[in-house]
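Structures for review follow.
In the two complexes below, chain A is the common chain; its partner is chain B in one and chain C in the other.
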Partner chain A sequence: MSLLDALLLTALGTLIATLATVRTRWVGYVASLGLGLQLLVLFLLAPLGYGAPAVTSGLAWDLFGQPLVLRYDAMSWYFALITLGAGLVSSVYATGAWSDHYRAAGRSPGWLQFALALNVFTMLLLLASGDFLSLFIAWELVSWASFLLMALAAGPALKWSLRYITYATAGAMSMLAALGIVFHLTGSLNYADFMAAVDQWSVGLITLLTVLFGAGFAVKMGILPFHLWQAGAYAETPGPGMAFLGAISSRMGLYGMMLVWVQLIGLIRLIEVHIPLTFLSLRDVLMWIAAFTIILPTYTALKQNDARRLLAWHGIGQGGYMLMGILSASALGSAGGILHIFNYATNQAVLLLAVFAVVYRTGTADLNKLGGLFTRMPLTFVAMLVGIIGLAGIPPMNGFVSKWMVYRSLLSEGMPLLFVASVIGTLGTILSVYKLIHNTFLGQLRLEHEPVQEAPWSMVIPMMVLALIIFLTGFMPGIVLDWVAAVQAAVGLPVLPHTLGGVADAHGGLDMIMLVLVLFAGFGVSALLFYATGRSEPVHQLDNYAGGHFLSADVRYHYSDHFYAGLMHRIGHWYRGSFLWFESVVASLASFLAQWSATFYRLMQPALPMLAMAVIVLWMVS
Partner chain B sequence: MEIGKRIADIILMPIVAFVIGLFMVLMLRKIAAKLQRRVGPPFFQPLIDIIKFYSKTTQVSHGLLHDIGIIMAVGGYLAAESLLPVPGMDGLSDKGGIITLTYFLMIPSLGLALGVGQCANPNGSIGISRALTAMLAYDIPFVIVIFGVAWHYGTTDLSEMISLQQAQGWGAFEMPLLALAGLFALQGMMGKQPFEIYVAPAEIATGPMVEMGGKYMGGLFVMQCFQLYTAGVLYTTLFLGGGTHWLDFLIKIFAVVAIPMMIAFTFPRYRTEDMLRLMWKWPVLAGLLGIAFVMY
Partner chain C sequence: MSDLSKIPIHTEKHAPEEARTNPLAGVFDELVRFAQSRSMYMLHYCTGCGAIELPPAMTSRFDMERLGIQPMVTPRQADILLVTGYVSVKTLKRIILTYEQMPSPKYVIGICSCTVNGGMYWQSYATAKKLSEYLPVDLYIAGCMPRPEAVIEGMRALMANIQSGETEPWKDYYQRYDYYLGNQQHLFGDNWQTPTDVIGQAQHYGLAGPETEGEHTRILQQYQQPLVAHKLRLK
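Let's turn to the complex of A and B:
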């Protein structure tokens, strides 16, 4: 039995133990313990993250004459680390105070923990898949596990999760078609046979397979135009579940893209494919899709008034950076894209946990109904501040490093428009996350929030741990870059030479250790200057310049709604809901075709439906 | 670079920046005065103002974050100055180039935004909303300029750009369109007329400064010194070949700041949405054309 078997069996054991205790109060502890154990086993597999050869599972069997292979390489390990980290943090958060609150609302924390454990298990299985058949099976399992987690809250969640599963099924059909083509051409579903055959295939076939596989993965990832399900479905998922889904779940799509596009087909082949009548290659087209995936969802996030929706939309947008970095195919850019998976997962998790801590205390995530909570929930504020600095990609947090690498590679590859597009996305993120923290924690404290207290420790500790990771991996990005380099080597990308502080480059590198030290020295000097020059006198927030009026607590003057009025005056009419329109067109078209073909069959082949009915009746009778 | 020299640079560069920034503020006021046919302030007025602000007896704090915001605003600039090479001092310019500097310059803005938000004055929040929108306006042409220049010199390292320009001629002559777009973006970045609606210095009740007094205002004054200096040095580094020695360097950076000031004080003001339209049209067009010339 290899360590990989131990990992998968521990995950399965966690699932069973969670199911066994699902109705008890202990379920959260059981699930957290199980996830902790899995993380421990994953640490034993750590050599993978530093370039050790892949580990194969002893659990292998045949299905339809196809051997199913389970194996872990550096890429699987990297994704598994993020998955288990996010799972553990969410599970711990969902235990204790939060679960009591959830139970009091008439929901079952047990099923939430079970759904989390199930998601983790299926994702670990997906990461282990060593051939197309197991990839497809695990992919379906992941889809249905996410569906379970999304649908738990019922009500509007059900509508959104059905939308998700519709998209996911369509994506899976597209993958199945690709699988059929691959099997037809190579006679096997092995990765090795695929890689051996891919060099002889024509440009058209490569394009077809790229698009068919890509569509399946793009649905999960929320790449334009398959993104419409994501924000709503995630936002309706119960707190810690959303943190988990937001942090890592959709990145399984990216895992698939890296596997098929980068490792199996090879980006070189995609660069060779020229789109007729344009000067673009297939790779360029995909990069432009990534660029639009950065910009449009980010500016949709800017308009959201619900903190959960806002962050969910950013999740879609940040996926674009990862894809763009990886598709750049350079050592620096692809390292940036891969690093951003880790960085974004930490940022998004801490932000969502902070938002749900606010929801826990105030009962709302509506950005127009909060404000001034800094004085009441300072630790949650710190968590959110670290998260927004990271998500916006501002030093000294880790998000800056990965985005810097993506920008820098677009610069040295000479892609000006994509560079500008990715910076436009970052600027939009800065605007939007400031609105998030301003409307929640700054400004006027509402009268009804006067008695609000800091979130309980069971919720604060996971947030603080994540905030610490965000800062540390920003201060010393080399820790994660070691793993990233191993992933690059595993999928056949050029490997980035790096240092503990970042990237050494004669024409402009990055050394975060020095930069962060100097930044904090600057803050220190500035603080000295500030506090050495006289005492300041704290005043109540209502003691405020109000243009000649006296302010009182019952007057609401927090500037929150329509926060960027000037900007919206300019760009407001650019939001047209074109994708929603497109979605409704496709849906109408599909339903029309379905009705039409049903009618066609009834008229042309009246015997067929009757025969089918007879078979069903006979089967039910017998 | 040996460690002692580097540490000396990191300590000296912000001090130099502050002193030069004070002179720039003085120059700004003198230009305004001359254009408005006034005498203008005496030589030491900027310094006197800062001392006055910091020694006020009434220092109103709206909470911890108000203080931290000001500390971040000044501290961020103190750190950022060590990324900007000046004659004889390279500081940390090899550890993080132009992209890093651009993002470092967002730290003071973020600090200010947090501090103002904590004051719970809607007029301050409106100011921040406008300031961030303005940033979205001028940063787009600015990053186009950054791309063009960095591509042209094949580096993001500012000291390398300077030595390349000193060998082959100023960037402004090689990339005139980008230099023009950069000047436009610079005008917005400094928050001077006609793009000063978010600072709103003339009607203090509707800008970010509404709740700032005493050393809080003093901190912002210090920040302004750094801001002017950074804008001048950055533009000089990108387009005017940096400085071979301090004399020509100082002439260049003061000239760079003086030009926008002269324009500024003869112009009225644009609304936020008009600023967006203006910034996204002409400088972006010029910048993209400039990139096309540089690359092809």
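Let's turn to the complex of A and C:
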């Protein structure tokens, strides 16, 4: 029995233990303990993260004559680390005071913990898949586990999770078609056979497989135009569940893309595929899709007034950076893309946990109904501040490192337009995260929020731990870059030469240790000036505004409604809801076809379409 | 009108302070005063028609910025309060609120005749006639209205005064707060108050004197509802 078996069995054991205690008050502790144990076993597997050869599970068995292989390599380990980290943090957060609150609202924290554990288990299984069949099975399991987590809070959540599962099923069908083609061509579902055969395949076939597999993964990842389900479905998921989903769940799509596009097909083949009548290769097209995935959802996030929606839309946008970095195929860019998975997961988790701490205390995530909470929830404010600095890609937090690497590679690889596109996306990110923290924590404290208190420790500690990780991996990105380099080696990308402080490059690398020290020296000088002179006098917010007006607390003078009115005056008319329109067109078309074919079956000879179907199936199988 | 003689005139010489032992202290003080006089942010509280002379004074034709004078948007960062025109009772409350929000050292300039003696609003029941009864005015720039040249001339006079250390009426507001508050209460009623703790600030600057507190501050304390800043709260 290998350590991988121990990991998967611990995950299964956690699932069973959570199910056994699902109605008790102990379920949160059980789930957190189980996830902690899994993380411990994963740490024992740590050599994988530094490039040790893949570990195979002894649990292999046959299905339909196909051997199911379970194995972990550096990429699986890296994703599993983020998955378990996010799962553990969310589970701890959901255990203490939050679960009492949740129970008091008539919900069951036990099922939430179970759904979390189930998601973690299925995702660990997906990461272990060593052939296409186990990949597909685990993929379906992940989809349905996510569906369970999303649908927990009935009501609008049900509508959104149904939308998700519709998309996910369509994506799975696309993958199944690809699997059929692969099986037809190679006669097996092994990765090795696929890699051996891919050399002889035509450009058209490679394009078809790239698109079919890609569509399945893109649904999970929320890549344009398959992104419409994600923000709503995530935003309706109960607190820590959303933090988990937002942090890592959709990155399973990216795992699939890295597996199939990068490792199995190879980016070089995508670069060789030229799109007729254009000067673009297939890789360029995918990169431009990634660029639009950055820009459009980020600017949709800018318009959201619900903090959860705002962050959920960012989740879609940030996925674009990762994909773009990886598709750039350079050592620096792909390392940036892979690193951004980790960095973004920490940022998104801490932001969502902070938002839900505010929801816990004030009962709302509506950015128009909050404000001035800084003095009431300072630790939550610090957590959110660290999170937005990271998400916006500003030093000294970790988000800066990965975004810098992606930008730098886009410039050095000669893709200035994509660089501009990603910078436009970053502008939207900065604007919208500023809106988030401003409307929540800055400005006028509402009268009804005067008695609000800091979130309980069970919620503050996970946030603080994440904030610390964000800072530390920004200060010393080499910690994560070690794992990233192993992932690059595992999937066949060029490996990035790196140091503890960042990137080693003769033409100008990045040394975050020096950068952060200089930054903090500047802060130190300012702090010295501020504290040494000792002349500050705290004044009330109401005594701090120009215009000479006598303000009172019951009047709102801090307008958060219709934030960025000036910007929206310029760009507001560009929001046309084209993707919603496209979605409704596809839905109408599908519904029309279904009705038409039902009528066709009833009116015509019922045997005829069955015969036609049989012929098609036989032709495909033969 | 007879009180006009009490208006501070910059030609008056103050008694020299007692000699300081550190010879460099004077150099440092002079340096600070020089810097202060060359970087003044003004809050132009445009109460009346005199405001119309400020845009030409600030913009390219007369260009106050060459003297280091710039407009500022908030009282918390401003050095000079320009009151440009007649001051109605309602406006005066806002002016006092704004003045007290400004950090010391701060200077008040009354522009136009209306701030000197009510000007053409002398007979108005709703107009405060003399600004210096309610606020310590550093300088009046009389005229109806004063031309930008006159405004700049006044500014230069203020700069000279700041540099020579002669003009410190802002201390007067702390030292004789009771007098100013009495005049304010006379106009606004006994329940008049601003959020600023002027007596506390006077003690902070070491300017609290025998006339800082008196019968009027006692009235103020009866009605005052202090506005305490939000404290960071962990629990």
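Heads up, the rule we're going with is that the second predicted complex is superposed on the first by the 603 of 622 C-alpha atoms of A that agree within 3 Å, B and C clash if a C-alpha of one lies under 4 Å from a C-alpha of the other, contacts with A are read in each partner's own complex, and residues count from 1 in each chain.
Note that contacts are C-beta pairs under 8 Å (C-beta built on N, C-alpha and C of every residue); 3 or more make two chains touch, one makes a residue touch a chain.
These figures come from a predicted structure and were not determined experimentally.
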Exercise. Given the superposition on chain A, are chain B and chain C in a clash or a fit?
Worked result: clash
For this session: Quick one: classify A:G28 as touching chain B (first), chain C (second), both or neither.
Result: neither
Exercise. Touch check for A:Q541: first (chain B), second (chain C), both, or neither?
Worked result: both
Problem set entry | Partner contacting more residues of chain A (chain B vs chain C) | B
For this session: Quick one: classify A:G216 as touching chain B (first), chain C (second), both or neither.
Result: neither
Exercise. Just chain B (first), just chain C (second), both, or neither: which does A:G171 touch?
Worked result: neither
For this session: Give one of first, second, both or neither to describe whether A:M514 is in contact with chain B, with chain C, with both, or with none.
Result: first
For this session: Please work out whether A:T375 is in contact with chain B alone, chain C alone, both, or neither, and reply first, second, both or neither.
Result: both
For this session: Please work out whether A:H549 is in contact with chain B alone, chain C alone, both, or neither, and reply first, second, both or neither.
Result: second
Problem set entry | Which superposed partner A:Q453 touches (first chain B, second chain C, both, neither) | second
Exercise. Where on chain A do chain B and chain C both make contact?
Worked result: 372, 374-375, 445, 537-539, 541, 543-547
For this session: Going by the contact rule at the top, pick out the chain C residues touching chain A in the complex.
Result: 43, 45, 73-76, 93-95, 97-98, 101, 195-196, 201, 204, 227-235
Problem set entry | Partner chain B, residues of chain A touching it in the complex | 372, 374-375, 385, 389, 393-395, 400, 404, 407-408, 411-412, 414, 416, 419-420, 423-424, 427-428, 430-431, 434, 437-438, 441-445, 501, 507-511, 514-515, 518-519, 521-527, 529-530, 533-539, 541, 543-547, 557-559, 563-567, 569-571
Seminar exercise, completed: Per the touch rule above, chain B residues touching chain A in the complex are 10, 14, 54-63, 65, 67, 70-72, 74-80, 82-83, 92, 94-100, 103-104, 106-107, 110, 113-114, 117-123, 125-126, 128-130, 132-133, 135-136, 139-140, 143-144, 147-148, 150-151, 154-157, 160, 205, 210-211, 214-216, 218-219, 271-273, 276-277, 288, 291, 295
For this session: Spell out the residues on chain A that touch chain C in their complex, using ranges where they run on.
Result: 372, 374-376, 378-379, 445, 453-454, 537-550
